[in-house]
Amino acid sequence: MSLDRRALAARIAQDIPEGSYVNLGIGAPTLISDYLPEGAEIILHTENGMLGMGPQPKPGEIDPDLINAGKIPVTELPGAAYFHHADSFAMMRGGHLDFCVLGAFQVSQHGDLANWSTGEPGAIPAVGGAMDLAIGAKQVYVMTDLLTKKGESKLVAECGYPLTGVRCVTRVYTDRAVFDVTPEGFAVIETFDTTVDELSSLTGLTLVDRTSIPEEA
Amino acid sequence: MIDKVRADAADAVSGIEDGSTVMISGFGRAGQPVELIDALIELGPRDLTIVNNNAGNGDVGLARLLANRQVRKIICSFPRQVDSWVFDGLYRAGEIELELVPQGNLAERIRAAGAGIGAFFTPTGFGTPLAEGKETRNIDGTDYVLEYPIRADYALIGGFLADRLGNVVYRKTSRNFGPIMAAAAATSIVQVDEVVEVGALDPEAVVTPGIYVDRVVAVGERPWLEHGVFVGADDAEGHRGTDAGTVAATEGGAA
Amino acid sequence: MIDKVRADAADAVSGIEDGSTVMISGFGRAGQPVELIDALIELGPRDLTIVNNNAGNGDVGLARLLANRQVRKIICSFPRQVDSWVFDGLYRAGEIELELVPQGNLAERIRAAGAGIGAFFTPTGFGTPLAEGKETRNIDGTDYVLEYPIRADYALIGGFLADRLGNVVYRKTSRNFGPIMAAAAATSIVQVDEVVEVGALDPEAVVTPGIYVDRVVAVGERPWLEHGVFVGADDAEGHRGTDAGTVAATEGGAA
Amino acid sequence: MSLDRRALAARIAQDIPEGSYVNLGIGAPTLISDYLPEGAEIILHTENGMLGMGPQPKPGEIDPDLINAGKIPVTELPGAAYFHHADSFAMMRGGHLDFCVLGAFQVSQHGDLANWSTGEPGAIPAVGGAMDLAIGAKQVYVMTDLLTKKGESKLVAECGYPLTGVRCVTRVYTDRAVFDVTPEGFAVIETFDTTVDELSSLTGLTLVDRTSIPEEA
């Protein structure tokens, strides 16, 4: 059985060790924060200028001066710090975050990411912090369904959509399997009720099978 | 005696003329200089170039400035939002120019202007459509794009507290673009909840030193604070109690 | 639980190996990580490249590190001082390499390393001997020199207070190079007077967020403070009362 | 009668209006702070990370964490602000200071400044913040004796010593006269018991005489 969005968020949360500095982008990846191990100190960054971001506030306790990158009200945990936009993006660009998790339209077997524009004529472009996030962490993880609603693979040989970043993605978590980006292309490291052969067929890609190799500690 | 305090928002924005480049701080509602934007609309200069992270929401603030046909060009990272209909309409009609900049490059280019840096090599955007036509270079194995400073004639900034010397502190994530815009503009105008005595701000915690600030105006405390202490709101626009629903409906709610 | 606190200075500097590049904060006495430098001398790695504003004073601290022949190269802005005899001797004997960098370019190059900037055009130094052989460019009528980041394996930093997450605040002008060095080094080690509880530092006033800090060590309060409150000293080395004269004489006094 | 150092400092202080942001370098220019008009708010910058620098502390009140660029203990005035070295030099490089006053070995008629090295073989070079100060203010003033101890003019056609900055000096205050740097070379705007002819003779330069033109307000 493939994983639903929340189950996938929970799966990703398992791979984030205590002490990590993490940016969860906007949209689906923000669900991951609900599944981080209870009591484990993992420090969340939001690119609009904060480390130590906490969960959403209770009703009546909303602070319009305290929001995340998705412009959703959040809270402040003890040990937080605020900084301005140039400092915040310097933190990302300088490679100080351990993990960042992003959505995707397409990921190429070289680790190229397309997640900001489908390049449709007449569409109004908007990039926000996507390109900074794509290059802004030691590990750049993608969280996505393997297939689009039309059944096309989001894992591709080369991205057809406009790029967000070049050779930046290190791992892709999908509803069907987890893929590492390697010099040999995508390597399947874990499957959810499917096989590497089936994944090859769905993606049209030659995949490396690493499902039997235990992950390094 | 140095006194940068202006009587009201209209006084604070006076002199902004047609064709100016105006930076406006804020990310979402946080740090948005609402009263200064309204005063700029009232003042009426046209043909402006606006630098902001977004391109306006709903029908208020920056969106109203756009709707009022005062803006020729906008430099921002994220114009398209669920409630950016004013910008969307103007853009589709070809009536506003857009320079789209990745958010971190936007911040760093603004910072470079204030810091006297002539240009810098950034990895962000390399290999993407937003770097097309730009100079690139591989340095120590990493590919970079050359980006130039963004300067402005004026900056409109939303702060929290200031003194008459122009020292400013912000609240939480409303800090965002304020400090770098204050340094990048020839004339920087800051609105705050309250002007405090010189010496009331901790010198270790001043975020924007007065050297970067030309004009300060107090616009009164926002509804989610009481005497500087957080008391909370019921939505991200800062409305409280029973009025939240009504006002949110007319304003389009939070992004 | 995150706990970056180390038992003592020796523990804090452990692992610094021969050939490392080590940044050391401080401008004069202010912000100098005295105990960490002493621990580095004790640890004994050789062939180091040191990044500091100066090249040591008197016979203590950085000067003693040099005298101990642990340093191959120094990157700094102002090596020659009235009491820089250790460096002077090594330099004249050709036993230490010097890269002289204008102070603002030194700061900006360190900042660039932490900020992921590949290189930047600075006006400082253009047309001077310190720009010889460097790439230059005229941008919008101003001449600039291209400068590259300075990265380090380790940074030794003198802060004031920190928590176990590595958030740091500084005191007054001792802030100087600390925040940018913390961001530019692979491993950043901060000494402070005292480690405080998480939550004791105001998030609006944290200068170096914990993300930049790997190790923290408390070295005790400096003599010009009592329970964090300034009580004063009789010289710039921080000596008080009758001991000032004696100690100053043996240490070479203030710069 | 030519001006001594303190009289010259007092003369320069007259030209710094209230509300100015000023860096007084190290050495002789720091004397200027003693002559700034009583009660006028002029904000002093020290490049090691402070605006709002006050006078030297009383005995017993020295704070080793609070020093100026010359490493001399100073004090903090109400309304001060601290910042780190990159921010401090960004402030200078970005042209935010109104005035900076520096010493000089030589100033050329184009406004080139030499004040950090005499280029002697075997000398240990040290530049500090000199090159940043030279380009770091809207008005870069030099405070110096007109002649060296050997009687050579410090105002020159072209600097022979290694440069600190190119075309950066706007005005030179000397013990004998005040000179503006203009496209036509040095213009004498004020003399201290000497004549433009005598100054031409001492400097060996063609000088523009602007002594009779009242200064603009």
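A few points about this structure:
Read from first to last, the chains carry the letters A, B, C and D; within each, the first residue is number 1.
Keep this in mind: contacts are C-beta pairs under 8 Å (C-beta built on N, C-alpha and C of every residue); 3 or more make two chains touch, one makes a residue touch a chain.
These numbers were taken from a predicted model, which means no experiment stands behind them.
Applying the stated touch criterion, the connected components after chain C is left out amount to one piece. With A-C and A-B as the two chain pairs, more C-beta contacts join A-B. Mean C-alpha positions place chain A and chain D at a centre distance of 54 Å.
Averaged C-alpha coordinates put the centre of chain A at 36 Å from the centre of chain C. Mean C-alpha positions place chain C and chain D at a centre distance of 28 Å. Among the residues of chain C, those touching two or more other chains are numbered 108, 111, 115-117, 122-123, 170-172, 203-204, 207.
Annotation for chain A: residues 76, 82-83, 90, 92-93, 135 touch two or more other chains. Chain pairs recorded as touching, per the definition above, are A-B, A-C, B-C, B-D, C-D. By the touch criterion stated above, chain C contacts chain A in their complex at residues 1-2, 111, 113-117, 163, 165, 167, 183, 198-199, 201, 203-204, 206, 209-212. Across the interface of their complex, chain B is touched by residues 108, 112, 115-123, 137, 139-140, 142, 144, 148, 169-172, 202-205, 207 of chain C. Taken together, the chain D residues at the contact with chain B in this complex read 18-19, 21, 41, 43, 45, 51-52, 76, 78-83, 90-97.
The touching residues of chain C, counted against chain D in their complex, run 27-31, 53, 77-81, 87-88, 91-92, 98, 100-105, 107-108, 110-111, 122-130, 143, 160, 170-180, 207, 222, 224, 230, 232-238, 254-255.
Considering their complex, residues 46-50, 57, 59-68, 71-73, 76, 82-86, 88-90, 92-93, 112, 117, 122, 124-132, 135-136, 162-166 of chain A touch chain B.
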